[in-house]
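Letters A, B, C and D name the chains as they come in the text, with residue numbers starting at 1 for each one.
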Amino acid sequence: MAKVDLSTELCGVRLQNPTVLASGILGTSKGMLKAVALTGAGAVTIKSLSLEPLPGHNNPIVIGFEAGMLNAVGYANPGIKEGVKEFSNLKEVGVPVIASIIGRDVGDFMKVLEGLRGLDFAAVEVSLSCPHTPGYGMLAGQNTPEATKEIVSVVRKGTGLPLLVKLSPNIPEIGRVARAAEEAGADGITAVNTLGPGMLINIEARQPILDFKVGGVSGPALRPIALRCVYDIYKTVKIPILGVGGISTGRHAIEMLMAGAYAVGIGTAVYSRGIEVFGKVCQEMEEWMEANECTSVKELIGSAHAP
Amino acid sequence: MHLEPVMMKIEEVILESNRARSFIFKKSLEYQPGQFIMLWIPRLDEKPFSISYHGKDFFGVTVALKGRFTQRLHGMKVGEWVGIRGPFGRAFNLGACPEPQGCRACVVGGGVGMASLAVLIEKLENSVVVQGARTTSELLYCNRFKDMLLCTEDGSAGTKGVPTDLLEDLYRHYKFDAIYTCGPEAMMVKVSEFAREYNIYMQASLERYIKCAVGVCGQCCCNGLRLCVEGPVLEGGTLEKLEDFGRYARLGNGCKVPIGTYLGKKT
Amino acid sequence: MAKVDLSTELCGVRLQNPTVLASGILGTSKGMLKAVALTGAGAVTIKSLSLEPLPGHNNPIVIGFEAGMLNAVGYANPGIKEGVKEFSNLKEVGVPVIASIIGRDVGDFMKVLEGLRGLDFAAVEVSLSCPHTPGYGMLAGQNTPEATKEIVSVVRKGTGLPLLVKLSPNIPEIGRVARAAEEAGADGITAVNTLGPGMLINIEARQPILDFKVGGVSGPALRPIALRCVYDIYKTVKIPILGVGGISTGRHAIEMLMAGAYAVGIGTAVYSRGIEVFGKVCQEMEEWMEANECTSVKELIGSAHAP
Amino acid sequence: MHLEPVMMKIEEVILESNRARSFIFKKSLEYQPGQFIMLWIPRLDEKPFSISYHGKDFFGVTVALKGRFTQRLHGMKVGEWVGIRGPFGRAFNLGACPEPQGCRACVVGGGVGMASLAVLIEKLENSVVVQGARTTSELLYCNRFKDMLLCTEDGSAGTKGVPTDLLEDLYRHYKFDAIYTCGPEAMMVKVSEFAREYNIYMQASLERYIKCAVGVCGQCCCNGLRLCVEGPVLEGGTLEKLEDFGRYARLGNGCKVPIGTYLGKKT
């Protein structure tokens, strides 16, 4: 497999391969980050941290269905104070670690960034796009071009690390939101967060299954939407894109790169293919690239944008 | 396995002790001893429980009174419905000990930890069982497992003390090849130390806060392991290296706290 | 199966059962409508008609993926003049036929409605929500509350038939759009049209597969989103809802009714389960209702809205 | 079956006539004679074609020059890539006639309709084949099917006239149990009338404008039938009741027009 080079770069961060653990999947502890890195991920993202601890929603918070998964975790997290303890000495993880952060307002974001100072994160990901947590993301209107510009332009000053802004797929004109982030100083775009929200009902109980009733859609159902979002964003902005949504195979990852992503996030596939999904996807990419005389990831990025 | 909760009718309620009740469902369920299910009370919450009764066409759980959820569950009667998701997780390894056939195993249960061991005990041809509880009224399954050894902290039944006090004598007498345990983590730590010292194959079923139960949310993680997937049953060898074992657990919001705080804490 | 009554009513139109052929699937000719009616549909909707003939997009216009289907038919249709010929003597179809119509502006809609006069349609469905046809629906901004109100209030005057307004799932605040339609005089809401748009790329060709590049997502991927939309709309408006999106089984249909639908549209499942899907879904509904001591559809409608 | 187009390399191009070329792909494909595939030229269009060559590890299509798409295809060389989706549709019914073994069949092809019949002819142990064309230079597969009867409208090869003129004599001579046909619809109408008169089992492969090929868009419908699913091969009995047969077809925008207009019309 030596002939193929899977390494890539995302906002100046060098990755051994393009697979990245998406935020909120297993990223609750350094121990889990290590475990995921060992299975072959090129980088890992922590579960989003807020200023104060958040209990999250009651169970069920996750429910699988025939086309993917619904989740309403509700940003359960121990808050920045605990987070700082948890994520010390990140060098141990062995791959770049991205800090995902959330806030109700710029004040929150700035305080969280302050907390992160001195830790070994490789980049910061500002999530403005959760569809199921009151006071945050979509439910706080943070996913409009205007709000995005306002938040990012301030947050930008709060960190010297590469700054990724994570967008929602629920905005048809996502390109405009991406441009707003770029103009406000973002170094990259993470596209996308979960879709919807959606709902599933247990007909015997005559109740929505998720305790919060609705949750964000991820997995296969999200894949074509995420691809279109990345394709549109690639046309609108110059900064690199971390493509996330429904990726579970090497073919999916290559498709996302061709749409314009520099690296690919993987979340729900941890459920469908196990925690080893990162290594599997990398091997499948290598096999396809060899069979198709493609030697580097660079050749793939954006290659579906016909001249 | 049910990935979505399946509504099931409570067919029978058994008062096991003054703190524990069993709820029986007349449904068949693919299950290995040690695995757990998620029990859903719509519009309240969904929590993990071991299967303590299991037959071809029925199964049941034994639930100790703890807080909001278990209180509501204890209030439920025959004919009421709850949702069942699962079973999930890694089971006890029955074929583990040197010679499966004649293998003699020791089962050490504490408190409601007995619930995760009950079906295992029924499956083991050849085992010695010790249960520990604070006092007589909290003992479980005394009629179900007639020759189970008992100990109570107040001495009101069986030997006065905790099960681990008996291990040494038991081992001298029975020379068992494996130990299976579930109960207060402090007790399981002692058991694992004993097993290590005497170099006996050992498995323990741990408790951590479970949410998704399918290995994505990271809530149940114990160092690098997901209790809902790689656990809840872990081997002695794994436990040795598990820094959190006997020390730390995470609350529902992910805060890492001393195990005592975790068990006490209402969430 | 006699004990169970599957009949329902949608804006005064009586249906033998709640399954309705969704617009754009097979509804191109009276012959196909008959064929679908014979397989057990409670009502059928014609492929949307516009004022002038539309060629639609080049092939591929439809592509299946692991979680559903992408389509960019582009409203190919022979226009109202041909349509009038095609859809004469609709009584022959044997079940109520709904006329789906589209337009670039209110003028278009009014002329199309004029053309329909004298034909035996049971209701009119105004589609304001196609995500892949320039000049129509989403791509003409018809899916905002404001535009919806403006169009519907005029169109309302153009017909005496029950008027359904078909909405897009791409608007998180879909409840507001539904209310706008209700206030403007709509008799019912059809929710939802396809999601997205989305994209799929053939990585060997390094090209989007659909010739139009993007298309609307339907099928399983859409189901939880459609359910949430119907659930929200049911809370916001009083007029009945035709729930559409990802339904392929009796359980799915019942789930949609519990979310608040009075009848359920079926489209993509014609592909996954065959044209006989309508009869199959009805039988599965009957079986469940018998097993759960439910004797009428009325008992199911909106029953997941806990008091 | 490929639900998404699979890119395949053109391995060979065969000049079949002055209007038709075959394109060969070295890929195996599950296929029954009479089915069709969708051939995709990225950023141009995707159109239906029958499979005219089929073996364990290869298959091919024969394409007549019509308009924009077939022109581009004719311009493509060995080594270039196209996408293949399918095969789709209902195949010819080989086991149809009374005694399948000794069954003698008559195959009537007109113009490029021969393409849909070629693999069928290879599968029939025992058949008489008639091909009709306007003139010699448009005849197909003359070397491939040595004892095929020919007729040309200008008499430049074989009998002067159309294949249907020969049916009566052929039947008296061969007493075949089944007729399979594909070609100009007017010809197929004649064949079906003949079969009905002599009460012979008959199947014809029709042409209508295909888009989705999977039975959802309704574009290909012929009265209540979807040509892409219930067809393209239809039985004589079905054709009898098919009002559109020989009369109407739909353009790409769904307009129903006389069959002549349809075939002529550039879309």
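We take it that a contact is a pair of C-beta atoms (placed from the backbone, for glycine too) under 8 Å apart; a residue touches a chain by one contact, two chains touch by 3 or more.
Model, not experiment: these values are computed from the prediction.
Peer 1: Going only between touching chains, how few steps reach subunit D from subunit A?
Peer 2: Between subunit A and subunit D, the shortest chain-hopping route counts 2.
Peer 1: Per the centroid of Cα atoms for each chain, what is the distance between subunit C and subunit D, given in Å?
Peer 2: Their C-alpha centroids are separated by 36 Å.
Peer 1: So what's the Cα centroid distance for subunit B and subunit C, whole Å?
Peer 2: 51
Peer 1: Could you work out how far the Cα centre of subunit B sits from that of subunit D, in whole Å?
Peer 2: 68
Peer 1: Could you tell me the distance, in whole angstrom, between the mean C-alpha positions of subunit A and subunit C?
Peer 2: 34
Peer 1: Do you know which subunit C residues sit against two or more other chains?
Peer 2: Within subunit C, residues 65, 200, 204, 207, 306 contact more than one other chain.
Peer 1: So which bits of subunit D are touching at least two other chains?
Peer 2: 43
Peer 1: Chain contact graph: line, ring, star, complete or other?
Peer 2: Drawn as a graph, the chains make an open path, so a line.
Peer 1: Determine which chains touch and list them pairwise.
Peer 2: Listed in label order, the chain pairs in contact are A-B, A-C, C-D.
Peer 1: What residues on subunit A touch subunit B, complex-wise?
Peer 2: It is residues 24-29, 31-32, 34-35, 47, 53-56, 58-65, 69, 71, 73, 76-79, 82, 85-86, 200, 202, 204-205, 207, 209, 211, 267-268, 270-271, 275 of subunit A that touch subunit B.
Peer 1: For subunit B, which residues are in contact with subunit A within the complex?
Peer 2: 3-7, 38, 40, 42-47, 81, 83, 85, 211-212, 214-219, 221-226, 229, 250, 252-256, 267
Peer 1: Can you list the residues on subunit A that touch subunit C in the complex?
Peer 2: So the residues of subunit A in touch with subunit C come to 65-68, 70, 131, 138, 170, 172, 195-201, 203-204, 206-208, 213-214, 217, 219-225, 227-228, 231, 246, 251, 254-255, 258-259, 288, 292, 303-304, 306.
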